[in-house]
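Should a chain be cited, it is by its letter among A, B, C and D, assigned in written order, with residues numbered from 1 in that chain.
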Amino acid sequence: LSSAIRSGKVRAPTHVVSTICDDRGEEPTYAGVNMTTLFERDYGVGDVLALLWWKRSLPAYCTKFIEMCVMLCADHGPCVSGAHNTIVAARAGKDLVSCLTSGLLTVGPRFGGAVDDAARCFKAARDANLSPHLFVESMKKKGLRVPGIGHRIKSRDNRDSRVLLLQQYARAHFPQVRYLDYAVAVEDYTLSKAANLVLNVDGCIGALFLDLLASCAMFQAHEIDEIVDIGYLNGLFVLARSIGLIGHTFDQKRLKQPLYRHPWEDVLYTKATCIMQ
Amino acid sequence: LSSAIRSGKVRAPTHVVSTICDDRGEEPTYAGVNMTTLFERDYGVGDVLALLWWKRSLPAYCTKFIEMCVMLCADHGPCVSGAHNTIVAARAGKDLVSCLTSGLLTVGPRFGGAVDDAARCFKAARDANLSPHLFVESMKKKGLRVPGIGHRIKSRDNRDSRVLLLQQYARAHFPQVRYLDYAVAVEDYTLSKAANLVLNVDGCIGALFLDLLASCAMFQAHEIDEIVDIGYLNGLFVLARSIGLIGHTFDQKRLKQPLYRHPWEDVLYTKATCIMQ
Amino acid sequence: LSSAIRSGKVRAPTHVVSTICDDRGEEPTYAGVNMTTLFERDYGVGDVLALLWWKRSLPAYCTKFIEMCVMLCADHGPCVSGAHNTIVAARAGKDLVSCLTSGLLTVGPRFGGAVDDAARCFKAARDANLSPHLFVESMKKKGLRVPGIGHRIKSRDNRDSRVLLLQQYARAHFPQVRYLDYAVAVEDYTLSKAANLVLNVDGCIGALFLDLLASCAMFQAHEIDEIVDIGYLNGLFVLARSIGLIGHTFDQKRLKQPLYRHPWEDVLYTKATCIMQ
Amino acid sequence: LSSAIRSGKVRAPTHVVSTICDDRGEEPTYAGVNMTTLFERDYGVGDVLALLWWKRSLPAYCTKFIEMCVMLCADHGPCVSGAHNTIVAARAGKDLVSCLTSGLLTVGPRFGGAVDDAARCFKAARDANLSPHLFVESMKKKGLRVPGIGHRIKSRDNRDSRVLLLQQYARAHFPQVRYLDYAVAVEDYTLSKAANLVLNVDGCIGALFLDLLASCAMFQAHEIDEIVDIGYLNGLFVLARSIGLIGHTFDQKRLKQPLYRHPWEDVLYTKATCIMQ
């Protein structure tokens, strides 16, 4: 039977549909591009990512920008949730995959998740022709903070170098940066409220990613909506930070660190008296 | 210094707050109840769960009901998402924890998640004195299905024995079952539309859990809201199904099953031609 | 075609084999036992576990012992690796399943994994008629610690109540406890070396579980070997501790704890100067 | 107190040690290299990986080779364990991180794990001056297959293009390729046994990675041992395949695929009759 199916005589309905990579032929292809072509065209990691995530070959300035984001988000020290949980798992003697996933599972709304939110907000606001002033105030009225704005340490006179590097690159290479311009106009307004309400790295990536999608002329409007809606930037952060989390795992194993136990003194045990029936 | 802290001379602010279990004394306590007391009172798994999740000791008919839910949800065969991913991981030669977690990570809105939704909907509708008719029609107007209603195979004349067993138990032991009664009234109405729109096991657990919380007189109204809001029933499903997922892992290891590869014939590879710039 | 397969006319080779639970009939069955029977026989959580893990119905003293282990291992405070990572994930705003799995992924050789090791060692030693003295000294010669022996706080004159409770139960209800007796003889010998080398809770569960398997007369020798080899006791720990980890997740959500960031002051950043080519 | 600690007046012992990334200053540094330097030197993803995993800046031919491996291992279709579990989780409606980790948790001895094994075996054999013939036969005597050798479809006359591309690159750019030469000599010998016992992509990466470590003159012998021992190549595979797994998640979400249920017809339910006491 299964050879009958394979020979095409009998047609079974399939249970899975997949479109990004075909592994049935002589060599696997990414969105139809085979491995030999990949190297002949001198493609890099950013190009492979574009082929597998969007099934298209993006201009070099785009894939280079994607690689810059991966590099800048690769790690942010051992203290953040993701690195911390990975370190704890590594010190429990677990294998690499367990350490990595234990850390990745903390990525979400409060850690690493602001980039998509920033993209969504900036897109909605600018596409609706909301003035920065109106946008910020309407968020405030809803009791929400503007995602991508604000930093605990950085401020007007002490900018985050990552934000500067990304802006500089985009202004030099992107055909246009209208979402970045909008985000900067929002920053101008919020800076008039407090010196630390700068455009942060999440906000900058979010805005520039919108510019990338809009300016490369390879996505239709409904495709951009879908990308922003599904939240592809979260994928970029997760991939980037995996480099760091794997690095922390190796680091702890090299250092032969023992089992971590959080210190008792650092825990407030509130009086837990069981409520009896 | 840290001995100074421990001796109580210096007071450091703590970074963690925890209330369910104290492990600092002679023996760990669950919500203040120590291990010896646990056995002296002939407590069971359901009681431990109640102590750790709600920090209270619930009447026996409640903890017995919780155990019934754990038993009924412990497994549902190898074909559902969770068991399937666990089986695939086990056949890739992974350790028990990796197999279990690979499966658990499929639990969510479409698999195992309907219980909390059912509880939320039945609670909101009944507390607002919405007639079953109005409730169902208002859901329809919003384009939503009533969670906890409907089954692919079961119907009016072929009820799910799990639903019958739970109802029977609750009617015999709970002081009152007003949310169940409401759910059954909803079912009466939906059955008039189609024979398969029965109250399913998720809906039945959701409704009866509301009755448990309301009738044991050990929770204040705002506590019940919080429990329903946070989604404790998902925890019950996850815990229960872990028994099955661990069982499937052992099963595959015992059977020495080889690496699973999904059959090529079962995949529809859509033409992926790379869009070129 | 697929209806032809279903009707039995065509026989396709299957890609999956499964033996613990059948979900095809009127109601799912666990090892052939249906839900109605489960309640008619007044089965509990321990019985369901036995059906799904071993496909047999064990005597009541066995399933009660299993439930005791689940209860005693359900939690051990917020400071251990598992609870800690779960708490960090919960404070990052993640869903229940992510919090639970982030914590579970720390379970392994150094956290929760000693029970199976203890069972393996005690079984090998006693089955080979090694005297406790020879067993301990041969481990020492190999540079290994005896798993299941030793405690940081407990000692000869300050026993762990969990160990006492388990022993008491087993001596009262098990037909025989020869592996426990062996473990206690080992403890006698190690206590002559240092007062804190007591039989700990992992060692006690490991030894008694061997007694359960050997004395209930429902497992053949090769089945017992397989169970000890695969490491079923790890499953027991993982299932039990899930109750606690789920509890910690709810606890942090109830407490509305903010994102956890490990304090900078608690990290030793060693001089990392990049080695240049 | 904590400000006293921060000001350096009081010195608390730290509970965590970390060496790869410092996030305390103006901008995070990777092994001491700050973000601005990263871009001034025109570094890429491979350089960041080298900084975070080995705390050194490797020659360009090395980081380019690392990027080639990432590109070649980025995906291998929807049928392998990892992609399959990711797809199942995506179809259960789960978030990106859950989908990615559900798939990653299948990476291990049978899926993606052969690279490190191949490196370990080739290194041990060549460093011990074992002739290919003796190496293969000694493995056979131990009942083991040579990792990195053998392919289900490829053979002497139908080589894997990925293996050819990697070899070609290394022979053109590496100072020496003695481990690759050794692996090819092993392949010569195994090909004399059967036409499909070719050097596969895992074996090729494993051997060439040893050549990279040995020939760049930036690692001491004991450091190379440690790297091979800890298993860094697994990290390379995991990072690379994450691109594909994230891609599969987006693919399924774009395709709005419904909940996956494995077909009943594809499961062999063996007669499970409960063994009764």
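Note that contacts are C-beta pairs under 8 Å (C-beta built on N, C-alpha and C of every residue); 3 or more make two chains touch, one makes a residue touch a chain.
Predicted model only: the values in this text are computed from it and were never measured.
Under the touch definition stated at the top, chain C and chain D share these contacting partners: A, B. Comparing the residue numbers each copy contributes, chain B and chain D share more than half of them at their mutual interface. Averaging Cα coordinates per chain places chain A and chain D 22 Å apart. Taking each chain's centre as the mean of its C-alpha atoms, chain A lies 37 Å from chain C. Our note on geometry: chain A versus chain B, Cα centroid distance of 31 Å, whole angstroms. Touching two or more other chains at once are residues 2, 12, 15-22, 24, 30, 78-80, 95, 97-98, 101, 105, 107-108, 260, 262-264, 267 of chain B. Taken together, the chain A residues at the contact with chain B in this complex read 2, 5-6, 12, 14-22, 24, 29-33, 51, 55-59, 95, 97-98, 101, 216, 218, 262-270, 272-277.
In the complex of the two chains, the chain A residues touching chain C come out as 1-2, 10-13, 78-81, 84-85, 88-89, 91-94, 98-99, 101-103, 105-111, 258-264, 267. If you check the complex, the residues on chain C that touch chain B are 15-24, 26-28, 30, 34-36, 38-39, 43-46, 48-49, 52-53, 67-68, 70-72, 74-80, 87, 95-98, 100-101, 104-105, 107-108, 158, 160-162, 165, 169, 226, 230-232, 234-235, 238-239, 242-244, 246-251, 253-255, 257, 260, 263.
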